[in-house]
Structure formats: C-alpha cells, structure tokens
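Read through the structures below before going on.
Heads up, the next two complexes both have chain A, just with different partners, chain B and then chain C.
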Partner chain A sequence: MAHPPPKHRQLPDKETKLFRELLTQYELKQYKKGIKAADTILKKFPNHGETLALKALTLHSSLPEPLTVSAVPKKEEAEAMARLAIKKDITSHITWHVLGILAKSRKDWDEASRAFAMARKQDPDNIPLIRDSIALLTHTRQYSAALAARHHYLLLRPPIRASWFALVIAHQLNGDLDEALQVYNDYQTTLKEEGATGPEKSQILLHVIRICIEAGKDQEGLDKLRQGVKDKIISPRGECTLLKAQMFANLGRQEDALQTYQELLEQNSDNLEYYKGYLQNKGIDLSAELTEESRSKILETLSGFAESFPRSAAPRRLALDYSTGDKFRELAKAYIVKGLERGVPSLFVDVKGVYTDSDKMKIVGEIVEEIVAKLEKDASLSDDDSISPPTVLLWAYYFLSLHLSHPSQTTPDHTRSLTLLDQALEHTPTLPELYMAKAMVLKRSGDLLNAAYEMEKARLLDGQDRFLNGKAAKYWLRAGEIKKSEELLAMFTKKDLTPTQDLTDLQCLWFLQEQGDSYRNQGNLAMALKRYQALATVFQDYEDDQYDFHTYCMRRMTLGAYISLMRYEDQLRSHPGYFKGALSAIEIYTKVFDDPSITEEKISPEEEAERKKQAKKAQKAEAKAKKAAATSGEKADPPVPDADPTGIQLLKTETPLEDALKLWKPLERLAGERIETWLAGYEILRRQKLYLAALKALKTAQSISPSNPTLHYQILNFNKITSSNTELPESIKSVIKSELPSLLSTSPEEFSSSFLEKAKSPEELYEGARGLLQLNGSTEKVKDVLLKLGDKSTKPSIEYMTKSLDLFRSISESKEDIEQLRSKYAEKLPSAWVFKSSSEIDKQIKEFEKSIEGYQGEKSVEQSEKK
Partner chain B sequence: MSKTSTTPTYSTAGTVSAPIDLSELKGEHTTLNLTNSSKNKKLVKPNVKVTLTSLTVNNSGTLRRINSVVIPIVYSDKFYKEVRDPLLDDINKLIYYADIPVGAICCKFENLAKGSKEPPTLVILTLAILAPYRSLNLGTSLILSSLKSCLNPVIPPPPVPSDNKTNTRSSLNVAPPRQKVNRALAHVQVGNDDAKRFYERLGFKESGIEENYYSKVEPHGAIIMICEDISAALGEESQQQPNGSS
Partner chain C sequence: MDIRQATNANLLNLPENYTFKYYLYHALTWPELSYVAVDPRGRIVGYILAKIGHVTSISVLRPYRRLGLANKLMKQSQEAMVAHYNASHITLHVRKSNRAAISLYRDTLGFEVHAMEKGYYADGEDAYGMRYLFNKPETIA
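Then we have the complex of A and B:
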C-alpha cells in the first residue's frame, strides 16, 4: 500500500508476527490456536480492531453445524465482537470483510453486500473480496454494480479465461446482450490458443448462440453454430438441432426449419414441442382459432408422423386435440383401445386433457361404454376368433368409472362409478389402482373416511410402494387422522427423526400443505400456521441455496444452466405450492387480526392433565439422557431445539397483517394474473386501512374476472367500510368516490339482488349470502339463499356447503334453522360425512375397521420392518 | 480369491423372472400334450407379458388377497411366513399377467432329511389363479416353473434376512444348498374333477384318498395326486439344463 497504515493499526514486530500467524491458523482451520494468538495480541492492544475482527471470525468458524445449545452464546459473542471491531477501526478492510462474512453466514444478503462494498472501498484491489462481492451483488440482483465489479476483476486478472466469460454473463444479466457478444468476440479474436476442455467449449458456444437468439441476431448465431459443428466443438444432435430450428424459424426460412424439426423428431419422436414447432413452420398458427382447412392439414401431417413413428404415442395423442366430431371419434377410439390393450394405467389421465371440450368428453364416454358392452358380451374387441386379454375389460371398467366421476361432468355419477369399480374389484382384486380410484371417487362424493380406508387397502397390497404409502397418509390427513398418517409415513422416513421433521427437511411440499390443512380443519390454527410457514421457508431455502452457484457455475463454465437457474429463481414464488400455502397462511393471519382471542388456547382439564403428564415424561427422559451422557463421559451438547414446537408463538404474533403482507408481496409480483392473489390482497389491505391499495386490488381483480363471486362480496364490503368511515381524509374520499362507480354501478341493494337472481353455482350462492350480510340482510333471507345450495339443480359442492354451514352457525341463534340447513345438505350429499352426526360417524368407522380386517395381517412383521 | 469361488455370493437375479412366453409353452414341453387342452382355447390378441415374482413381506398382502378370493380356506399368518422361506424362493411365486398379479403358487418340502422313509417330495399347498384369468395356460406355466426349479435348484439360494436387526450384505446368513427333488404331491378335494384332470395332464396320478383332510369345507376328503418322476413329466433328461431345447 502506498500510504502507511494509520497509527492505531500499527503493531510492534512481535505482535505483527503473531497477527500473521493468526491469519494462517484461520486459513488452516486451527481455530483454537488462532483464538489463543488473538487473545495474546488483545492483552496488550485491546483496541486493535483487525485482531478483534479476526478473533470474531475464528470464533464463529469454530462453531458446530448445525448449531448446538452451548454454541448459541458464542455465536452472539462473535457477532458482537465483529461489530465492536468496526467501531475500533472503521477504515480497515478486514473489519468490514469479517462483518460481511458473518452477515453472509446469517443469510442476511443485503447487510453482507453493504459490508463488502465498504470493505472494497478500503481495499479496492483485493481479489477474494471482489469475488465474494460479485456473488453477493448478483444474488441481490444489483446487476450493474456486479458488472462494474466484474470489469474491475478482469482488469486485475486479464489472463484468466473464466473472468472473460463471467463478464459475458454479467453483461447478459445486466440486459446488454450486444455488449455480451462483443466481449465474447473480442476474446475469441485476441486469444488463439485456449486451454478450455471440450465440454467447456461446447457449453460456452451453445450459450453464446442462445444469446444471439435472444438479441435477435439469428444469422450470426447460425454462422457460429455452423462453424462450431464444422470445428467439432459442438455435437450436431440434441440442443444444437433445436437451436438451429429456432433460428431458421425466426429468420423465416420455413423450408430449412421444417427440415430441422424433422431431424429433431427423428431424434425424439415423443416431444410434443417438436411437433408443434413443425406445424407452426408449416404455416399453421396454433394459437389462433383453427379453420377447417388447417385442421385437416394438421391431422394429415400427424397421421404421416404416426406412420413413420409407429411406437410413439405423441402424434396420435396430439391428433385428438386438433380433431373434432366423427374424425375425433374414430381417432379417439383407436387411441383408447390401444391404451386399454396395452394396459396403460395412466390412459385416463392422458385422455382427460380433451375434457375442456364437453362434446369430446361425451364422445369419449360413449366410446368406452361401447367397449365395455362389447367385452362383456364377446370377451373380444376384434372380429376374428381371438379373444382380448381379460385385463382389457378391467382397464375399461377403470377408465369408465374415472370418466363418470370426473369433476368436469355436469353431474358426476359417483354411484355408477363405484358400482363399476366394485365390478372391477370382483374381476381382479389385486390391482391397487382400483382401490385408489375407489378412494378418489369416495373423496369426491364427500366420504373422506371411507376413502381413507379404501386407500389403506391399496397400501396393504404392496407395503414397499412409497407412492401408495404417501397417498394413504394423505387420505388419512384429509380424514383428520393426523397420528395415523404419521405412523404410515414413518415407515419410509429416517428412523432417528420424527416423520414430520424428516419430511420438512426433505422439503416435502404436499405433506406440509396437507398437514397444515388437516390441523386447520381441526381448529388447531397454531400448528396449521407453523406448517404453512415451514412451506414458505422451503422457498426461502431454495432462494438462499442459489448463492453458491454464482461462483460455482462460473468455475464450471455451465453458463446456460446458470442463466436458466437465475431466471427460475426470479419467478420462484409463482410455484403453485407457494401460492396455496401462502394463501392459507394469509387467511389465518386475517382471522387472528379480526379476533385475537383465537390465539388463546382452549384446552379442557383432561388435555391439561395429559399435557402435564407429557411434560413430566419429557423431563424424566431428559434427566435420564443427561445421566447417561455423564456416565459415558461425553459432553451432552444437543442441537438447538425448536423454540416453538406448537406454533403458538407464530400465531400470537403482534403484527398479523405485516406477516401476511410479507407472504403476499411475492404473489403480487409473480402471480398477478391469478385473481386469488388480489382477493387475498384485498383482505389484508382493507384491514390495514390502506383503502386506496385495497381499491386497486379490487380493480385488478375486476379486470381479471368481473363476475367472480368473492369479488362481489368484497365490493359490497368495501362500500360498507368506506361509506361508514368518517375519519377518511378528503383526498382519499374523493378518489374512492370517483373510482367506486366502475366497480359498483348501481345501488348496493340492487347490485346484490341482481347478483343473487343469477346465482347458480354453490360459490355464487355462498358469496351472495355473505354480500347480503354486508347490507345487514336478515338471517331469514340469508338462510333462504344458503338453502339453495342443497337444491337439486345446484351442483353439489362440499367445500361451499361446509363454509355455508359455518357461516350460518356464526350468525343464527336458532338451532332449528341450523339443523334444517344441515339436514338439507346431508340429504343432497348422503355420503358426505361432514354433515353427519358424530354417532353416525362412529358407527361407520366400526364398519370400515371390520371391512379392512381381511387385508391386514402380519402387523408384527411390518412393525419390525420399521425398526 | 479362493474365498469368492467357494462361498456362493448373493444375487437378486431370481427375484423377478424374465417374461414367460406363453405361445411357446406348447413347443417346449411337447410331452405334456398341451395341444389337447388348447384346442378349445382361443388365441389371445395382442400378446401379453407374463412374469413371476418372489414372495416377500411386502407383497404378502397381494398373496393373501388372491388366496382369500380363490380358495375357501383361511390360512394363518404362520402359513404366509413359512411360504416365504428362502429355501422355497424359486418355487413359491406370484404370477403377473400384463403386470397385474393374478395368481400364486405356494409349496413346501417334505422328507428332505436324510434317512426318511419316503423320497423327498414337493407338496403343493395352494395354486390359485383369479377366475377371469383361467384357461390362459397361467396355472400350467406356474406349476411347471415350480417343478422345474425344484428339479434344478438355483445355486446358491438367497440368504436369510434377519427379522430383528439391520441387514447388511455381510451379515446375511447363506442358506444351505438344496438337493434335487424329483417327486411332487398335491391334494385335490373330492369331486373337483377339473382340478384332478389338470394335475393328470401334468403327469400326476391318483394314489389314494385322505379322509378328513379339509376340516372346515365340505366334502372333507382329498384325493392325493402324486407325480413320482418330475423329470420324466417335464420331458427332461436329468442332466439337461432347464432352458435347453429338446
């Protein structure tokens, strides 16, 4: 350094030597020695900031991972020490660097990136500092700053290959594709001899071609690709062909594009995208409404492909999407018969894609009915003397039952579906799919408990099938049997952890969601919230895990994969799993805000006693463990226990709305096209009294789906709370006044009654009733609306019937009225056990237990297997 | 080096069989005279894959299901545990038709000990095929495969896994090698002529009646069907490989 260090940083020779030793000891991971050395220096110079910082770092690095109980205070000590070090020596790059490293290990990316920026200010040419800083800046998406740092880094180390390509990537991330290409070209022209390995070269070239496509320089990309193939840098198959096809298509060279897609199809004849690309380049616009002419053209092309790729199902399946009427019937029949004969279990799941078209759904139904009838009569589908394998009839029963009970049917026929499945089970009682289908149909008809028992039967057929095990556990959760489901799951999870802990570690999203739902349905909001928050944490982990790849991918030159990772992380929380979990958690938070008393635990004396017993047991076990540890001589240092095992602290939050908003924010950005996002947003914002933001949520929701039933309720709610609120500032009032008519064009009463007149679906009726309540409608009126849910003409919906019953219970004081509603619903859905009385349920459980007896057995064996 | 050659090593090769080709069944065992029975059988189109699988704890549920549907006798847990004896691993099998389990055979050995009066015998305990899958040669091929393996024991038989501690490759005990068994026995309920004919076609002969064999179902009597020479019934020379063409 040009300047001599400031006075307070200078150390006498002996201490300088010790300080250097301390540095090497840290790097060699000799933490104990390092701390000793630091202490020696600090004894003489307690105000030496850099030594303090290094001691903090050494102490921090010496802690075990995961953190144990005894390590927690040490960690705090290290953090405090690092902050103190800054105070003692604010112009040292070491103190800031250490602060940055500690923040990074806490995953506090923003603070870390600030600290690294400070450190770089003190020592701009420190290579490791720049490298860490680039990763942090990229991670926090400060692309222009990252680019500057990259540039600086390259100037310091120009001969390193990786830093050139890293600069290409930095330019690309910063959105400057031309500059990215320029850097690559410059690098290519300056360096003749390069040491990159074959795979690295091909990775880089393919990525540069991808940048060319993105920048719209398809011709340049094509030239590079040709040259690359010629020089044998890239293989002409696979991705290279796909890129070539894209570039031809972009350049409008249809002939060449068609040729290339043909090549692609010969490489893989099952990729639907290739077929679609081929058809697009034949001049057929698949996104627009298809004309008769283009339809026949598509089908002709596809049948040609079906002939040239006889083993591929893709062209035949695609043809079902693009054909109509009799042609569809013909194609669908051939497709279904082939699937049934081959015994494809997923045939229905495959075919049901066409059910968005109700005519096609009807035709499929007729085809399968025909097949079943013919097989029952002749045991054969062909006209010669041969017979079909008996499994064809079996799979046809299976298909038909799934078809009949599918939710897109106007009136799903659960009874016939179950009869068919029973017939199939009589035919072959060893096929787990049949029990699973039965469970699913029962679930749809509302009989969750019976469904769980059927799923259990499927599971008992094959104890080593984890899919069946997971399904059975899920069905038990739906039926409210949390303990039973955990017992099942434990058969496949780690033996030394609880199943919940293991599945949380494994980031099992469905489990977290389902168990949360199960707890919520039982009224245990604390545990439900804990699971939903665990689900949100999984996504935070995904995001944090990305950090290591900023340096790793540059080193491995996997540029294409790196860019797609970055793009994936940017839209991470649009994942349906996050969407569902976040909405469920937000609902609980808004409930807590409305009525904080629900966070108080209501436990009966028996439960209280039970809990005390449990606590005593735990205490005893702990004492025992301590004793055992003491005798064995090892120090017991367990990992830090869960501070909030029941989730009650989560639920008792002081700031429910802020917590909810934190979950909602990513949805606003990433799931803005889903109306549920805005409906949930409204519920948070109106409670926060952010009326203009709430208004915006309503307006966005309206632009997505103006006839949404929940939106109807929310408009009435918004009108009510804003018109009755006298404390609103004038400016806000005037905005609402000018904007509200676009949502509510008539008087609220008229708005509600015209909605209710047209209301048909269960959801509309339920939300209409809630809207009525906003207008202070009488209980009687609400009841009339809710009763309609049980009418014959209304589509049955367990979800809304349950909600309606809950709603009515909360407003009505008349037990008779409630009973009237319940019995009407029970009549409408005779097998839905939520509308049944508890004695009926108990009786049924006993019957189910009996029916399953024949399937069980060798329980002892199963359990010993568990160990 | 010598260790590996003397101690037999464990392989899972026999756990799931290669597909059985039913259409070739006739040609392979001409002596069984299957043509007689397949005259009134229709050709199955398209051809279906048929495979065998060993019995395990985990597919025990499936085996129970098949037996309980086909056979009017309820078998005990002990029965199901015994048929999973590693010694019987290549004999007792589930049969899969188009990947669906549709039948099973359960046997045990008798008189294996040296010095017993009668020759070692394979006793067929249950042979069950679900109703819709009968007359497809499944039962025949299932029993033939069992007879074949009982004549040509696989070397070595799979090791015995322990029930109460974790199983590692080294902790497994290797089961003793099995001797050849050339005699088979089956019980057929009195009056069940179809079953009797079925065994007769396979080379079994009636050799007496055991009264009160079935305690819970009527009639109680059982015909004892015995095949004295399996290798003759299979048409195999005693030294021949099981897959060798005749």
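Then we have the complex of A and C:
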C-alpha cells in the first residue's frame, strides 16, 4: 500500500512482531498460541481493530465441530469481537475480511458478500481476499462479478497456469462461450502447458471440446479431439468417443456417427443411451410417434446387437419398448423365459416398465400364465433339461403374483397373488424375496400390519442384510410401529447415536420421509414437520457442499465435472426427494393456518406419565454422566442438544404460510413443469389472500393438465372465495372477472355436474365430491359420489378411499350414512384395516397376535446383533 | 451420475456410509472412474465409487443381483483406470465375513488377498486387503 497505515493501526515494533506471529499461528492452526499472542497485544492496545479481528478469527477456528455446549458462548464471543473490530478499524481490509469469513461459516452468504466487498474496497490487490471473493461470487451465482474478480486476479498473477483455465470457466459460467474459447486459444499460443500432468491435460482438453460443442463449433471441436488423440493427450475410451459421436451427429455425418456409436457399444454394451444414439443416427426420431417401418427398422437393428452382445440384456429389453402385438409377444416371451431360468429377482420390475401400455400388460400376463401351466405339468420350457423346472416355476409364481397384484390392474387379485406365493414358499421356504413379495401384496391390499410381519420374516432369514433390514423398518413405519422400526435400524447405525440422529447425519432421505409420514398418520404433526424440515435441511446441505469445490476444481483441473456440478446444484431441488418432503410440509403448514388449535398438544394421561418417566430417566443419566466425568477428571462437553426435540416449536409457528412459501419457492423455480407445484402453490397463495397469484397458479396448472381432478376442485374453491368476498378491491375484481372464464366457462353447477358425469377414477370421484361441497351440495349428493369409489368398476385406491371416508366423517352427522360408506369400502378392500370397524380391528389384532405367537422376532434381533 | 441416488443405494445396502460430500469429492477428483447402473427409469440400482488404484465402495441393490452388475461396474472402472491414469493395480477392502463378495473379487474378477487388516471396520471387524494387478497376461480386454 502506498499510504502509511493510519495512526490507530500502528503498533510498536514488539507488538508488530507479535501480530505477524499471530498471523502465522493462525495459518498453522496453532490456535492456543495465537490467542495468547493476541491477548498480549490487546493488553496494551485494547482498541487495536486488526488484532481484535484476528483474535476473533482464531477463536472461532478453534471451536469444535459440531458445536458443543461449552463452545456456544465462545462462538458468540468471537462473533461479537469481529463486529467490535470493525467499529475500531473500519478502513481495514483485515477486519472486513474476518467478518466475511465468519458470516461465510454461518452460511450467511449475503453478509459475507457485503463484507468481502468492503474488504476489497480497502485493499483491492489482496490475493487471498480476491480468491475468497471469487468462490463466494461464484457460489451465489454472481457470475459477471466473479468474472471481473477473476480477471483482476489474473492480472496480479499472470504466470499461474490454473488462473487461465479458471478464466475460461468464469467466461463459460457467465454465458460467453466464444470468449471462453478465445482465452483458451490465446493461452495455447502464448504459454506452453508446462507442469500439467497427463490427466490434467486430458481434463482440460476434453472440457474445451465440450465448450466447442455447446458453442455450435463442432468442426473446431472435432479437430481438437483428433489432435488430442494423436498427441496421446486424451484416451479414446469413454467420454472422448461419446463427444466425437455427438459432433459427427451435429455435423450431419451420420455414417461416421453410426461407426462411433458402434465403438461406444463395444466399450460398454449396457448403456441404453448409446443404443438410442445409434438409432437416432439411423434416421429414426425416437421422440416422435413411430411408423411401422421405423419400428421394424429399430427391431432389426436391436436384434443384430443382441447377437453381437449376447451378455447384454439392454438390446433385448429395448426391443420390448419398440415392438407391439405378436412381435411383442414373441420377444417378451423369450425375454421372460430367459430371466426366469436365470432366477433374476428383478425380472418383474424390469418388465413392468411396459405396463403403461395396457395391451402389453395383458400379453405379459398371458405369457406367464402359460408358462406356469406348462411348468406345473413338470414340463421344461426349453429343450435344455439342465434347468430344473421346479426352480423356474418358483420364479414364475413370484412373477405372476407381482403381476396380478400390480396397481395398474383394474381388479388386482390379491388373494390369488398370496396363494401363488404360498405355493412358491412350499417349494423354497428360505427365500427372502418370496416374503418380501408377500409383504408387498399385503401392503397393496391394505393390511399393513401383516405386511410388516411378512417383511420381518424376510429380514430374519438374513439378519446381516441391510437392505432387508431397511425394508422391514420401512414396513413397520407404515404400520405405525415407530419404536419397532428404530430398534431394527439401530442394528446398522452408529452405536453411540440414536438411529434417527445417525440417519439424519448421513442424509438418509427415505427414512426422514417415511418416519415423517408415519408420525403424520398418527396425528403427530409436530414430529412429522420436524422430519420434513430435516429433509429440506439435507438439500440445503447438498447446496452448501459445493462451496469448497469452486476453488478445489480449479486446482485439480476437473473442469467438466465442475460444470456438471454447477448445473446439478442449480436444479437440485427439482429432485423428487425434495418435492415430496416439501409438499408434505406445506400441507401441514396450511392445516396449521386453518386451525391453529391443532398445534396444542393433546396428550393422554398415559403419555404424560411416560414423558415424566423419560424426563426422570434423562435427569438420572445426566447426573450419572456428570459424576463419571468428575471422577475421570475430564469435563463432559456434549454437543449442543436439540432445542426442539418434539418439533412443537416448529409447528407452533406464527407464520405458517411464510414458512410454507419458503419451501415452495424452489419448486416454483425448478419444478414448474409439474402440476403438483401449482396445486400446492394455490393452497398457500389463496390463504395469503393473494388472489391474483393464486389465479396465476390455477392457470399454470390448467396449461399443464386441464383435466386434473384437484384443479377442478380448486377452480370451484377459487370461484367461491372470490365471489363471496366483498372486500376485494375493484382492480382485482375486474382482473378476476376477465380471467376466470378461461378456467370456468360455464356456471359452477354445470361445471361440477359435467365433471361428475365423467368421473371414473378414485381421484376424480373424491375431488368431484370436494368440488360439490364448494357449491354447498347436499351431504346426500356427496355421499352418492363417494360411494362410487367402492363400486366394482372403480379401481381400488386405499389412498382416496381413506381420504373420502375422512372427508365424509367431517361433514356428515348421520352415523348410518358413515357406516354405509365404510362398509362398502370394507367390502371392496376386505383386507384394508382402515375400513374395518373397531370390533373387527380388535378381532384382527387378536388373530395377528395369535399368528405371531412363538415368533422369535425380539430374540433374533439380539442374536444377529451379536454376530 | 446422480450422487444423491448413489448415497441412497449405499445407505440401503451397506453398513459403511458416507455423506454426499464424499461422493462429490470422488466425482470431482477422478470423474472418469465412478460408474452407476440404472434401471430403465433411470433410478440408480448399483454404483462403484473409485479413485486411482482403489475401490472406495461398490454396491448393487439386493433386488438387482444375479444380473452381473457388480462385475460390469468393476470392469468399466478398471478399464477407465488403465486408459486415463495408466494404473498398475487396483486394491479394495472387504469384510472378512463377506464370503459372497470375496468370491466375486477372487474367482470372477481375479483379485487376490494381499493383506489382512485387523479391526479395519468401525465395528471392529477385520478386512482383507485385496489386489488386482493390471500387467497380468490375462488382462481384461
């Protein structure tokens, strides 16, 4: 710096030396020494801002991760000290830089951005500061500012090779591909790639070729690729060849593209994308409706590949997607027979992909029935006698039972499914897959407790298998047995943590969702919400995880992987895992808004007694731990405990709709093509009385799927709440008046009755009934609609029948009517517990207990734990 | 590869787990070496997570066994190690009790046991260190 430091920053020689030592000690992670040095300076110069800042930083870095109880006040002290440092020396780049680093570690990106900007104003050429700023600007997607900082950095440090490639990436992220290529090409002519390792050079060149493709400069890319292979910079294996194929295709060189896809298939004949790429270059548009001619062309090609790659199932499986009628029957039969003979457990899951076509589903059923009939007569399926028919029959029973109970069937036959599996079990009683299948069929029939019990049997056949363990835990959760499921999960989680804590730490999404659902189904909305929010936090962590890689990848030169990461992170929350959890949480928030009284804890005297017992136990344990710590001489310093272990604070939010909106915003941005996003958005926005935004949500939903049943209900709901609202401003009223007819072109009554006339699916009937209620339809009329869910011709749906029964219970005052609906549903799904009367359930539970008498579950749990 | 799904497959199958960031670290350091197996709907049913000369983790979901997926995943990763990093060998650790896996590595894939590591796993179980040398005459095609 040209100017001498201001007076308040100057220190005598002795302290200046100490200050330098402090810097070194911080970098060497000698935090204790550092703090001591800082204290010595501060004794004489308590107002020295930069020392205060460095002490704050050193103290903060010395704290344990995760934070312990005793560290909490130290963290607060460090934060306060960093702020004080700014007050004492507002023109120092150090004080601002430290404030930014602390904010960054709190993941407060806004404050970090502001602090780094202030720091750079004080010292624009500070290298570590620029480096930190680039990472932060990139992380917060301020690409043009990141590019400017990158430029500046390069000017200060031009000979560093990595900086040039980082500039290429900065241009690419900023959307300027031509400039990115220009920088690369200039660099090539001005500097040699000294010092780069082979793999680094390969990463760089491959990525530049990718940029060429994205920029539409396929010829340039192809030239670079050829040169790179010739110079042995890049290996022709894998991605290089794929890029070559894409460039040939883009350049219209179909013959070359075909040849290249052929090479790729020889490298990996199990990659579906390679087959699709090959077919596309044969002039077949796979995304369009296929003609007979192109179908036979596809099948011919695939059959050739099936011969060349006999060990790959991919070409034979793809052929099932592209064939129809008798050809499909022939191919499917061969495929299924082969799978059954090999005893492939996933055969059904693999084949059911074609069930979106109901004709194909029917044919598959016929094929397997035929196979079963033949095998039952003990005849072999092929000429090869080496394959024992009984084993094949076992897998055929397994396949057929999954087929018959599949939800795509209009009338799933759960009874026959279970009979088939019992027959298979007579043959092989030790195969876990058969019990797993039984569990699944029972689950589909609505008998969750017996389903869990069968899954438990599967688990007990192989206590070491974590997959079976997890499945059993999941089935217990669905049956409402949360404690039981935790006992099982604990067999594979860390011993010093609760299974919930360990699985949360490990970001186990299925568990968070399923346990949340289980709590929700039991009416414990607080714990449900806690799990759904934990799920959202996992996604926040996924997002934050990329931070270190902004710097790391520039050093490692893994540029292509880095760009993939950036794109992945940008659409992270479009993931079905986030989607489901967010929608579940939003539903709870809207419920809380509608009726805040549900946040009041309703606990039975037994539960209260249990809680007191637990609290006492915890107190005792704590006292014991303290005592133990005192005798061992070590201070107990546990991690900071969960401030809201029951989730009740979360549920008792003052701002349920704002909380819901926070979860919804990413969906609006990233999952806008899914109608559920807008349906959920409507439920938030209309409660916020943001009628125009709600209207927009409805219109977007309509553009995605005009016949969606929930949308039907919401349109009627919107009409009702806006037409009855007398306080609406004129301007809003007039917009609604002009826009609503595009959603509701007839009278609401007509809209409803014409919908109900056509309503067939369980979902349509249920939403139609809800729509009717918006028109103040009579309870009798609603009942008539809901009864149809129990008709023979309607597909059974536990979900919608349960919702319907709940809906009817909430509106009807007639016990007889409720009973009529319940008994009709019970008749339709005789195994489903949710539709049984309480006396039947009591009887069922007794039967269940009898059937598991002598069941060694608990004992075996202990045994396998010992193993 | 969708790392989130790979972590899911790992959590469903194996007792040794890692967080998302550890998968990121592999994918962003040796992008060519990790592979996934997906079902026709694109869901991950198996994966191999590898670095130069070492397999960190390999797993196939239980319902997707008997398809030879572990074998195929391993071969893809091995070939990539040779092509991109000129690796001379590949090592891995396996639980002493995991006979099925040991048999796959030894009998099908040509690994041999070269070390025994006492108490390698968090629960105290011993591990076999297994190794495959690439310069053997019957090097994979």
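As a convention for this text, the second predicted complex is superposed on the first by the 831 of 867 C-alpha atoms of A that agree within 3 Å, B and C clash if a C-alpha of one lies under 4 Å from a C-alpha of the other, contacts with A are read in each partner's own complex, and residues count from 1 in each chain.
Throughout what follows, a residue touches a chain if its C-beta (ideal position, glycine included) is under 8 Å from a C-beta of that chain, and two chains touch if they have at least 3 such contacts.
Just so you know, these numbers come straight off a predicted model, no measurement behind them.
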Inset, instruction - In the overlay, answer first, second, both or neither for which of chain B and chain C A:T391 touches. - result: first
Legend entry - chain A residues touched by each partner, larger count belonging to chain B or chain C: C
Inset, instruction - Please work out whether A:L272 is in contact with chain B alone, chain C alone, both, or neither, and reply first, second, both or neither. - result: second
Inset, instruction - Considering only the touch criterion stated at the top, classify A:G343 as touching first (chain B), second (chain C), both, or neither. - result: both
Inset, instruction - Tell me which partner A:L461 touches in the superposition: chain B (first), chain C (second), both or neither. - result: first
Inset, instruction - Answer with first, second, both or neither: which of chain B and chain C does A:E293 touch in the superposed model? - result: neither
Inset, instruction - With the two complexes superposed on chain A, say which partner A:P429 touches: chain B (first), chain C (second), both, or neither. - result: first
Inset, instruction - Would you sort A:F492 into first (chain B), second (chain C), both or neither based on which partner it touches? - result: second
Legend entry - Intersection of chain A interface sets (partners chain B, chain C): 342-343, 464-465
Legend entry - For the chain A and chain C complex, residues of the former touching the latter: 198-199, 202-203, 235, 237-239, 267-268, 270, 272, 311, 313, 317, 321, 342-346, 349-350, 353, 433, 464-468, 470, 492, 494, 503, 505-510, 541-542, 545-546, 549, 552-553, 556, 558, 560-562, 565, 568, 575, 577
Legend entry - Sites on chain B touched by chain A in the complex: 42-46, 48, 56-62, 64-66, 68-69, 77, 80-81, 97-102, 130-133, 136, 163-164
Inset, instruction - Provide the residue numbers of chain A that touch chain B in the complex, in ascending order. - result: 341-343, 380, 382, 384-391, 393-394, 427-431, 460-465, 854-855, 857-858, 861-862, 864-865, 867
Legend entry - Interface residues, chain C side, partner chain A - complex: 2-4, 7-8, 11-15, 17-21, 24, 27-29, 31-32, 37, 39-41, 45, 61-68, 72, 76, 79-80, 83-86, 97, 122
